[in-house]
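Both complexes shown next keep subunit A, but they swap its partner, so subunit B is in the first and subunit C is in the second.
After this line comes the complex of A and B, so read on.
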């Protein structure tokens, strides 16, 4: 993308004199700025969505005052945070206190460099993309420990120590789960990984249900692996039910206790950046990234009809179970289905890969994370370790072996 | 292999802490995550209730009682009014008794809703808390209809009630009760049966019946340990002997008898029982009757003393009143249930993790206004 942008800059007569390296540097800067803007805007939108989602789950309205339906609430909050006094506790380790939040933010923002949003929308097409993302995102823990230690507050220290233990424990099963996928693709390049999931095929290779070639449908082992990864990643980004580092009812605010104003906002920003990153990774690795779930426009028409059928069944189920009529899923899917049957252009657009599908999949995963957060209680720190070392780690090892055997059985690899 | 011991650290939990249910301060001696000693430090909400009472006329004390246990103001007022009435030998009209029971039980439901919701909050579940408060609002609406206030009512007066209930109250109360069982099922669905919740609450902070009795623990926390003591049943006061209700006991359904889960679940069951009592009381409520007819002009209890106990949502609420025949009590002592309940925290909370201590504290359901008085 950087080279494309540089070429585009050089194509203007007035700018062509600047030379290739200057143009390249300029486009590098532009891309970096774009990524940061994406992360910041994304956080603002997600905070609003999270507040609304939590409100609807809790029979409330959520923010309603600032802007229409409270849409400007998070903007107002961000402005308020910017204005707040910057407090550094007297006994804090000043240097670490200041750089801690920035380490976290930088580590979570630079990972987006390797994330492909579509076949061209990709800052750096690295052949070790997955490795890069996993390794850079684990720097976050360093910033958390820095911030927690520097605050010179016992609660912060507890939060930081818990966080370090938790993130390091969960890195291992998550890494092994990802290796299982890498074994299938044979590459660490995220773009290659997405391209390997193109087209449609049978569910688990043999069951004759036509489904996209996504890795979640590749084998039962990768199906489990997707959930193992989601659980591990939820723990890695410190979200409920694994939010023990900042568990507000126990540790006040964990490692963030002493932070205020802009520095606190940085933690918030990186939290949502990490959540987005995990959602994007799940959709890239297991859900086919920017690939459309439909092979062609006929596939789109049939697929949407199936979705409508599911929506009808869902509506009937909800009606029978609670006596309430929830028409929104049904109405939405009906509208899309009718549009897909009436306008082939719409169906073709739906069937073509692109950033729309990437964001749709990531959005679904983020909604899932929010759903977890507002439904589950929090685990205790030793139960968290139990889940990691005694449940998820063995499961991921079995998955890795299982995937290898599966590939040998299906003839994807020969010895 | 023994457990590795590291240097101990003293951790001050509170008085400003999200989960100490007010301004309680816990001094924790911690070894890593394990808490080896808990020392509750109280008094941050001390308002000299008992000293105030020595300088106030009997009827002027009523609003102060509500401020002690602010989540169950009617319970405190009811106990106080009954104590003074017993001293003076006042016979109450039937309608007053029924209305008092109805409000006391509504208050019990409201108080348990807060207890259940905040316990969920303590273990990290936020949504059930909001659900509980949704129902509590409906109860507070009923209180507002009757007394005009939503938290501190000053509704039960010595010898009667401040006002009769307005028209439409009974219908609205029935309406609430009809929907309530379904709502309790909703809490059970989202919290009680949740695997993570059970992991966090079951087998944590087990209180054996011996420990509970030795520390003077009363109320749901005692009954969760399997001790069948409910003053409404063992020494029926007011008109509680006319109603048919069960006293839920801890059964160790998910772990051991007397664990935090039991203390939580006993409260959930008690809400259903209270709803049952209210329904019976509403059915039997006499239509006629002046709620103010028995209010004495001059409140001067004869010389003597009385200890009167009643079942507050948190346990046994006792009033010890010494009268020298004047319009001001010589001494008023309040035996507050949460004070005794809190004293057990070191015994049952030792050796657990910080997170568990918070869960145990939440399961005891304390109100600091009443502990500090």
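After this line comes the complex of A and C, so read on.
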């Protein structure tokens, strides 16, 4: 993408005077700025959505007064945070206190460089993309420990130590789960990984249900691996139910206790950047990234028809069970299906790969994370370690073995 | 085996929880939030059998005075069991025309301050009945929101006290005018006091003359070997305990001279009246009855004594 941008800059007559290296540097800067803007805007939107989702799940309304339906609430919050006084505690370690939030933010923003949003929308097409993302996102824990230690506060230190213990524990099952996927693809390149999931095929290779070739439908083991990865990643980004590093009811705000204003906003920003990153990774690794779920436009038409049928059945089921008539999912799917049948162009657009599908999948995963957050209670520290070492780690090891055997059985690899 | 059953129960319970939250999420418009400034709860109504009078059939929430109709009679202040109403009035001059109420009653007292402390008010509605002009009444306004400065009489020193009190000032009289009225009233009171002093001095002279006459009469009637003098002498040491008394020699003069320090004990009576009895009262009462000048000197405290008697009667009625 950077080379494309540089070529595009050089294609103008006025700008062609500048050398190739200058254009390259300029496009590097532009791409970096784009990524940062994406992360910041994404955080603002996600905070609003999260507040609304939590409100609806708790039979509340959420923000309603700033803008229509409170849409400008998070913008107002961000402006307020920027104006707040920058407080550094007297006994804090000033250098680490200042560096900490930036380390966290940089570590979580830089990982977006390797995330492919579409076949061309990709900052750096690395052959070790997955490795890069996993390793860089682990630096976050360093910033958290920095911030917790520098605050000179028992809550902060507790939070930081818990975070370190938690992230190190969950790195292992997450890594092993990812190795299972890498074994299937044979590459660490994220773009290659997405391209390997193109087209449609049978569910689990043998069951005759036509589904996209996503890795979540590759084998029962990878199906479980998707959930294992989701759980482990939720723990890695310190989201509820694994939010013991900043558990409000025990450690005021964990490692963020002493932070305020802009520095606290950086923590918040990186938190949502991490959540987005996890959602993007899940959709890249298991859900086909920017690939469309439909092979061609006929597939899109049939697929939407099936979705509408499912929606009708679900509506009837809900009506029979609770007596309520919820028409929104049915209406939406019906409208899309009719549009797909009437306008082939729409069906073709739906069947073509692109950033739309990437964001749709990532949004679904983010909603799932929010759903987790507002449903599950927080785990105790020992429960957290139990889940990590005694449940998820064995499961991921079994998955790795199982995937290898599965591939041997289906003939994907020969010895 | 408990390991696997543990895991499976964890998964099933988590799925159950997710079902619950998703159920709430997809169910639209069943929220319980009341968007307060835009929506308010309906005010409960009731019928206590008084009739169709609106103020009776709603909740009692805020005490309000139609200040234009207030004549400053202090009937509500006396009726209030918790003393949350405070009224300050000054007599209008003879030529001053303050106005009339909606019942065409001429207002004779200038009400400079009419405060209601809503933090003390217990919403008993007792103050509304004695009002002759029906200008004080309970309203169903439970929100206590106001756009104008209702706490005109709060001085900076009272700020802290004010945090515990919710004082509503209904008088539109500005503090400056109030101070002027106070000064005028003080002046008038001083003039009155001076006049009273003069009157008193005259009375003293008359009393002294009377005493001299009595002494003469006593001298003349010495032969009668005065038995009535002994009880007077027995009361004398009790009264001479007060500092103002000792200069006066004649025991007969003491009652009249006591009239100068007397307002203080009368003031004290105000407070003990709530605790019903004090030992001083029987001693003072004969003194006040003996002196003719008493009722005039104690006009102001006297008015403050009367209300309490009447308030007692009214609370009993209510």
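List of remarks:
We take it that the second predicted complex is superposed on the first by the 415 of 415 C-alpha atoms of A that agree within 3 Å, B and C clash if a C-alpha of one lies under 4 Å from a C-alpha of the other, contacts with A are read in each partner's own complex, and residues count from 1 in each chain.
By our rule, a residue touches a chain if its C-beta (ideal position, glycine included) is under 8 Å from a C-beta of that chain, and two chains touch if they have at least 3 such contacts.
A quick note: this is a predicted structure, and the numbers were derived from the prediction, not measured.
Annotation: superposed three-chain arrangement on subunit A; subunit B versus subunit C shows no clash, the two fitting side by side. In the superposition on chain A, contact of A:154 is made with subunit B only, not with subunit C. Among subunit B and subunit C, the chain that touches a larger number of residues in subunit A is B.
In the superposition on chain A, A:254 makes contact with neither subunit B nor subunit C. Of the two partner chains, subunit B is the only one touched by A:240; subunit C is not. By the document's definition of touching, both partners, subunit B and subunit C, reach A:374. In the superposition on chain A, A:289 makes contact with neither subunit B nor subunit C. Between subunit B and subunit C, an angle of 30 degrees opens at the CA centre of subunit A in the superposed model, to the nearest 10. When the two complexes are overlaid on their common chain A, residue A:324 makes contact with subunit C while staying clear of subunit B. In the superposed model, A:61 makes contact with subunit C only, not with subunit B. With the two structures overlaid on their shared chain A, subunit B and subunit C come no closer than 5 Å at the level of C-alpha atoms. According to the touch criterion, the shared surface of subunit A, contacted by subunit B in one complex and subunit C in the other, consists of residues 57-60, 374-376. Looking at the complex, you find that subunit A touches subunit B at residues 54, 57-60, 154, 158, 240-241, 243-244, 247-252, 374-383.
Listed in rising order, the residues of subunit C touching subunit A in the complex are 3, 7, 14, 17-18, 20-22, 24-28, 30-33, 35. Looking at the complex, you find that subunit B touches subunit A at residues 9, 11-12, 17-19, 33, 120-127, 130-131, 134, 190-191, 194, 196-197, 199-200, 353-356, 358. Remark: subunit A residues 53, 55-61, 64, 324, 326, 328-329, 371-372, 374-376, 390-391 touch subunit C in the complex.
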